[in-house]
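Chain lettering (A, B, C, D and E) follows the sequence in which the chains are written, and residue indices restart at 1 in each chain.
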Amino acid sequence: MDWTFWLEWVIKGFVLCLILLTGFAYLTLYERRALARMQVRVGPNRAGYQGLLQPIADAVKLIFKEELTPARVYKVVFVLAPVLTVVPSLVLAAVVPLGTSFNLFGRVITLYVADLNVGVLYLTSIASIAVYGITLAGWSSNNKYAMLGGIRASAQMISYELSLGLCFAIAIVMGNSMNLVDIVNAQSGMWFAVIQPVGALIFLIVTLAEVNRAPFDMPEAEQELTAGFHSEYSGMKFALFFMAEYQKMIVICMIAATLFFGGYREFWFLKDFAGGILSVDRFWFLGPIYLLLKVIVLLFFMIWIRATWPRIRYDRLMSFGWKVLLPLSLVVLFITAAGILLAQELNNQIYFYSIPVLSIISAMVAVALIYRDLRRKSNGRI
Amino acid sequence: MVPVDYYVILSAILFTLGALGVLIRRNPLIIFMSIELMLNAGNLAFVAFGRSYEVAGGQPFYTGQIFVFFVIAVAAAEVAVGLALIVEIFKTKKNINVDEMNSLKG
Amino acid sequence: MTQTDFYANFYSIIPLTVLVAWASILLLVDLFIPKGRKGITAFLAALGLAATLSFIIWQTLVGVERTGFNGMVTLDGFSLFVNALVIISGLLGIALAYGYLKRMKLERGEYYVLMLFSITGMMLMAQASDLIIVFLALELLSIPLYVLAAFARPNLQSEEAGVKYFLLGAFATGFIVYGTALIFGATGTTSLSGIFFAASHETPSLLLTIGAALLLVGFGFKVAAVPFHMWTPDVYQGSPTAVTAFMSSGAKIAGFAALLRVFATAFPALSADLTGVLWVLAALTMVVGNLTAISQTNIKRLLAYSSIAHAGYILMAFVPYGNKEVLPISIAAGLFYLVSYVVTNFGTWGVVIALEKAEGKGLEIADYAGLAKKCPALAAAMTVFMLSFIGFPPTLGMVGKFYLFRAVIAGGYPGLAIIGVVTSLVSAYYYLRIVVNMYMREGDPTIEREMWLDFTTMSTAIATVVLSFVPQWLFLLASTAVLRLF
Amino acid sequence: MTSELIVFLVLSLVAISSAFGMLFSRNAVYSALFLVLNFVTVAVFYLMLGAPFIAMSQITVYAGAIMVLFLFVIMLLGAESLVPLPQAMPWQRPLAFILAAILAVESVYLIFARSRLNTVITAPDAATNSMEGLRDMAMILFDQFLLPFEITSILLLVAMVGAIVLTNREKVGHK
Amino acid sequence: MEFLLQPLTLLTFFPLVGVLVLLFMKSEAKTAIRWVAMVTTLITFGISLWVLAQFKASNPDLQLEAKYPWINVAGWNIYYYLAVDGLSILLVLLTAFLTPISILSTWTAVEDRVKDFMIFFLLLEVGMMGVFLAQDLFMFYIFWEFTLVPMYFLIGLWGGPRRIYAAVKFFLYTMAGSILMLVAILFLGVKTGTFNVPDMLAALPGLYSSGMINPQTQMLLFVAFAAAFAIKVPMWPLHSWLPDAHVEAPTAGSVILAGVLLKMGTYGFLRFNIQLFPNATIEAAPWIALLATIGIIYGAAVSYAQSDVKKLVAYSSVSHLGFVMLGMFALNAEGVSGAILQMINHGLSTGALFLLIGMVYEQTHTREIKVYGGLWKVMPIFGTVMLISSLSSMGLPGLNGFVGEFTILLGAFGSKAIGSPWYAGISAIGVIMAAVYILYMFQKMFLGPAGEITKHHELKDLNWREILTVAPLLIFMFWIGLYPAPFFNLIAPAVEKLLSALPL
């Protein structure tokens, strides 16, 4: 372990943080503009060209805003909570591969901070830690609404974490590795989202709940809880929560892209296009670009959903997680594992194709069941 | 270059602190946390011993880690039941002090 | 794993597999059994136990002994014996619960399912020959019991019992885990035979001794040995009586079975250090259990202390565990005593349940006054049980104590035997108080009659008496069970 | 003093003081947070001991699930403030301290002075970070430790059933 | 079937047939129940006579053996082993003889829960027979302990006002002794590898001489056995349960208690202590003689101080059994045979006294001596019978008591084992004291001016049933008093054999 190793490590980490921070800033802009478009208005377009300086203006405003610390909060935790929220969202990205490697000064520089053999487990563990910030923020505010928001957040995140873990497991099974680089490389022939579309869908739904995005943003439901867990926060502390949420969105989309959409790799059918001119194996710098594109598309879906869907009632949210997503993801995991095993043992690729078919069938069954249930509850009004 | 003794001593201290917590604290939640600390001390010792055998034998040796894996699973199961119990009694009683659990007399 | 391996492994856990499968299916089937007819679940659960028992009997007749899953479980005479005992106590437990749950309005199908799972854990305890399995089996048997103890919620007493049992049980688990860790550290393995080899090759290291002592503490909690007994009276009193009956038998059998196997197969090398500890533990348990029982007025608490005391008697069988010659006898004696304890115990709890009223009254000893006039058969049965607990002829308890004390004396511990008999004398005092109340005081107890309850009480009473005259086959079973343990 | 030893010492200081913090906090939430800190440091120890899988499981299950549940329950019950009550058994506390002190000193002394554990744990090499190691472990888990694994699954099922039985209030008077 | 037809098996377990019959009878049919019990015990008595007919007096060994392996696994060597010899034959006969008499005495006395009473009584007989006949220590122990249970209920259910206290005290005292014996039995069983007494006797000398059981251990074992028996006898200072039990017990219970149960203790000394631990016996003989002597004087003195006539008789038992113990540990032919005979005598005379007291108690419901007086005039037959029994109890020549006590004193006087004639001398004072308290009692109750009760009650004299109850006892009192030789003949060979084994 020479010092250059450490240096490389520090630089990569720093760059990643930088990417995420600016990414966060422009994501807010992106979201506001996109939402505005959907709602047939313009959105922020004054600061700079097309509002490109708007995030900076917001940042300056928040930084200089007065910070109120209510009298009866639990001080230490109150201050700690935003930090605890932001850090996991940053750390989470450490294992996500942004591309292949390139040579610089005679060294092989890989485009990820840490190459963990238990990368996926690392993701789950950090994701599970992320609950603390919100929960503690809610509790330490010493405010009923905030507290309820915190409790809701923790309940929701724990509940959806199970399905999340199972989706990770689906990717692990298909990639035959817990290492994210391995998983990405395993998708060079075919994206996992194609083989296992249901798994990818569940993953996307679950991530929405994990980052408390609409329609699962119960912890901050304005109508019921004013602003939920961050009611009492203002100024920079509030900004940190804000920041964490958007960073998490970015990172989660990166992870989703990595696990199910080929990560930094090109479309599978482009691998041999024009002698592989579009392949990351040929040009390393294509990796980050592909990834960025995928993330932008996925983010757009998140924003789109926010613009389209109303908020789900809390009890429905929980029972959706436990009674629909969890069993469904279990079934899908089983189908995936069984298909792979059969294909391997019997050496017949036909079983491989049964995975998407059976998964889609089971997803449709799930939808049908939900439909029937809702119909019964609403006395046939749907 | 840490001798395995150090890990074992650390785990012994943590175990003792956990046991101490069970003995001196009266809140079932804290008692329960102390028990978790005890289990954790056991886990640490397991991994440390496992590692020492690994180093001594020169080849991977997973028994310790696997035991820890089971302990973690069991702890999760225990927590599920234990917290359910505590929540239940609190719902009935609105107070969870072990000393005040005296409807059973002897 | 090759095919033959698979069958060999599978053979060693057939009864377990049957029971687990049955319990899981029952969990589903129970959903379709309408509320108020959960008796069907009880019958199905009993059926499952019977099926398991028949497999055990079949395996006993086949007589093949083997270890499975890389030596993690052992199928031998000892485990078959203990498992049969556990299943019989499960059957008796269901018979007691059947009417009781109905009467107390606690009837839910999960009760029986949890019981089956707990029995699985107990069976596994007896078969375990690796500390991992011991640990997991212990949890598998305990967790359902925690729930069952609190089954009468929102009854506060029951909930308190559940919480206390849980906290102390988990505390004990902590000791077991840490003890296992130290043993693993000392020997590099968790398999009992591996520990035995590692320990016998060199002088036992201190680490091993501490580990074994911590295990002993953990097991001490589980079998309610003094000074780890504090939870017992509260838990026994607070739990629904049917649960207490099952808990006080099943958990004890399993705890002792595991303790026995662990100490006898893994730690003979430590006998010099641990025999004295066991001696003191057994003596303390007998003395404290019996002395504290004297002042009890609640029958459930009294029986709780009495069960502590009996744990002390059974512990005596472990004291000579380092002595190769005496060990088989004393283990067999311990097993025999367990049988007699279980039979008597269930009968006693049956009587307690018969007298317990729906609102949890009828549990004071004074409530037993006049039972002999009201229901002579029940009073006679109770008398038989009390005599059996004292160790008085013509009951199984007497034969059990005779066997046990003989083993202890043969092991060279007459002092312990004397403590044992003197505490039996003390116990006579409080057991007789119940008899006095039933026969010699006036009162008008209300008695619940219910077929399965009566069946349990009467069959155990008859067994207690009849078996005392023909204990040979039980002796034979017990002593052949331990033959190949060592 | 190698750097590893320094890291160890610092972390163990953190672990021990967080354990103390857990013990003596007046506030149950702080206790829980201290325990989380403790679990995280122990997870780092696991990494140092070449057990990344266990380290991650530790964080996921202990810190991420178990302790969150604890916090959840504490908050839900409003049980965070722990007013010191008059001791029911005044002798119990000092006795517990004395016993604990004896236990600690004894175990440390015995293990340190008389056991024959002189193996030095070296830092994990690259091998522990290889997929092969993880695969080997999985193979062992599903082959040699198949039975315990299955038992664990039953155990979790039982715990689930138990928790539901305990918390599921039967609807009374509902058709 | 051969097993069941053994005379001793039949003798021991025949009452169970009665129990079985009783179990299926309605508890309202009191007379029928009494008859069933009566017939059962009479048949049992008949069987005992059949046993006597087969018994060969000249043979000192165990006879009529019924021996089958019982629990023979894992080195247990427990036998179902019943046998009789000169040491026990008389006690067996006494048991079989007293039981029907006691049942007859309850004919009108017990009205409450008759069925239960009879069941317990018959069970008690099984236990007592078993104690005297069992030759395997395990079996012996079972029977020994088992006798406690029915007796406990007899006292506790049909006894006087403090019956619960008395019953529990009786139970715990007796059990306290026997548990130490249990340890000793187990120790012997472990050392000799058998529980069968003859086998044990064969094995023990080797163990003693080889030092496998050293003298201290032997002494400890002796003490452990002695504790059980001494409480049962009861020897001073372990007697305090006896007055309570006697006073509170129903009449039939007292009769059996005094007549048979106490003899189990002395029999135990004879059969087990002396045979199994010869050296310890010799060593302990002076001490036991001392205790016996104290018991004699103490019992007599306390008797005198009693105001309750039943208590008086109870304490006199302490005194009388002191004689038995003294004779037994004289360890010579006279002493031991006298002791055995005195056991029978005590059973007869004290039994008769308790019966008679019960009969008058049934009418008056008081046992205070001072409320009686002048009974003789009202109840002449009762008076006569009482007089004879009292005189028998105090040892008037011509009656049975004299023969026993005289022989004992003779033995004790010249005993090498006791080593000092003083014990015999002091004990002789006990005889005189007996005369004092018995005559004092008799005078207060039967002579003199009419007391309260006598005045105010319509007292009826004995009816035919009651006469029939005591008559057999009187016959034996005279028979033994006038012609004891047949009884001595039954005992003598066995006693000789017993003594010859002692290293005196």
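A few remarks follow.
Here, contacts are C-beta pairs under 8 Å (C-beta built on N, C-alpha and C of every residue); 3 or more make two chains touch, one makes a residue touch a chain.
What you see is a predicted model, and the numbers here were worked out from it, not measured in a lab.
The chains that touch both chain A and chain C are D. With centres defined by CA atoms alone, the chain at the far end from chain B is E. Centroid distances built from C-alpha atoms place A farthest away from chain C. Among the inter-chain contacts, the highest number of C-beta pairs connects B-D.
In terms of Cα centroid distance from the overall Cα mean, chain C ranks first.
As a whole-number value, the distance joining the C-alpha centres of chain B and chain C reads 26 Å.
The centroid of the Cα atoms in chain A and the matching centroid in chain D are 28 Å apart.
A separation of 43 Å divides the Cα centre of chain C from that of chain E. Work out the mean CA point of chain B and of chain D, and you get 5 Å between them. Multi-chain contact residues of chain B, defined as those touching 2 or more other chains: 8, 15, 18-19, 32, 43, 48, 50, 52-53, 66, 70, 74, 77-78, 81, 85-86, 88.
In chain C, the residues touching two or more other chains are 132, 136, 139, 143, 146-147, 150, 153, 162, 185.
The set of chain D residues that touch two or more partner chains comprises 53, 57, 65, 69, 76, 107, 111, 115, 117, 133, 145, 148, 152, 155, 158-159, 162, 166. Chain pairs that touch, as defined above: A-D, B-C, B-D, C-D, C-E. Chain D meets chain B in the complex at residues 2, 4-5, 8, 12, 15-16, 19-20, 22-23, 28, 31-32, 35, 38-39, 42, 45-46, 48-51, 53-54, 57-58, 61-62, 65-66, 69-70, 73-74, 76-77, 79, 82, 85, 88, 92-93, 96-97, 99-100, 103-104, 107-108, 111-112, 115, 117-123, 127, 133, 136-137, 140-141, 145, 148-149, 152, 155-156, 158-160, 162-163, 166-167. The touching residues of chain B, when paired with chain D in their complex, are 1-10, 12-21, 23-27, 29-30, 32-34, 36-37, 40, 43-44, 47-48, 50-56, 60, 62, 65-66, 68-70, 72-81, 83-88, 90, 96-97, 99. Chain E meets chain C in the complex at residues 70-76, 116, 138, 141-143, 145-146, 148-149, 152-153, 156-157, 163-164, 167-168, 171-172, 175-176, 179-180, 182-183, 186-187, 189-190.
Chain C makes touch with chain B in their complex at residues 132, 135-136, 139, 143, 146-147, 150, 153-154, 156-157, 159-164, 166-167, 170-171, 173-175, 177-178, 180-182, 184-185, 188-190, 233-234, 237-238, 296, 301.
Residues 8, 11, 15, 18-19, 22, 28, 31-32, 35, 38-39, 41-43, 45-46, 48-50, 52-53, 63-64, 66-67, 70-71, 74, 77-78, 81-82, 85-86, 88-89, 91-93, 98, 101, 103-104, 106 of chain B touch chain C in their complex.
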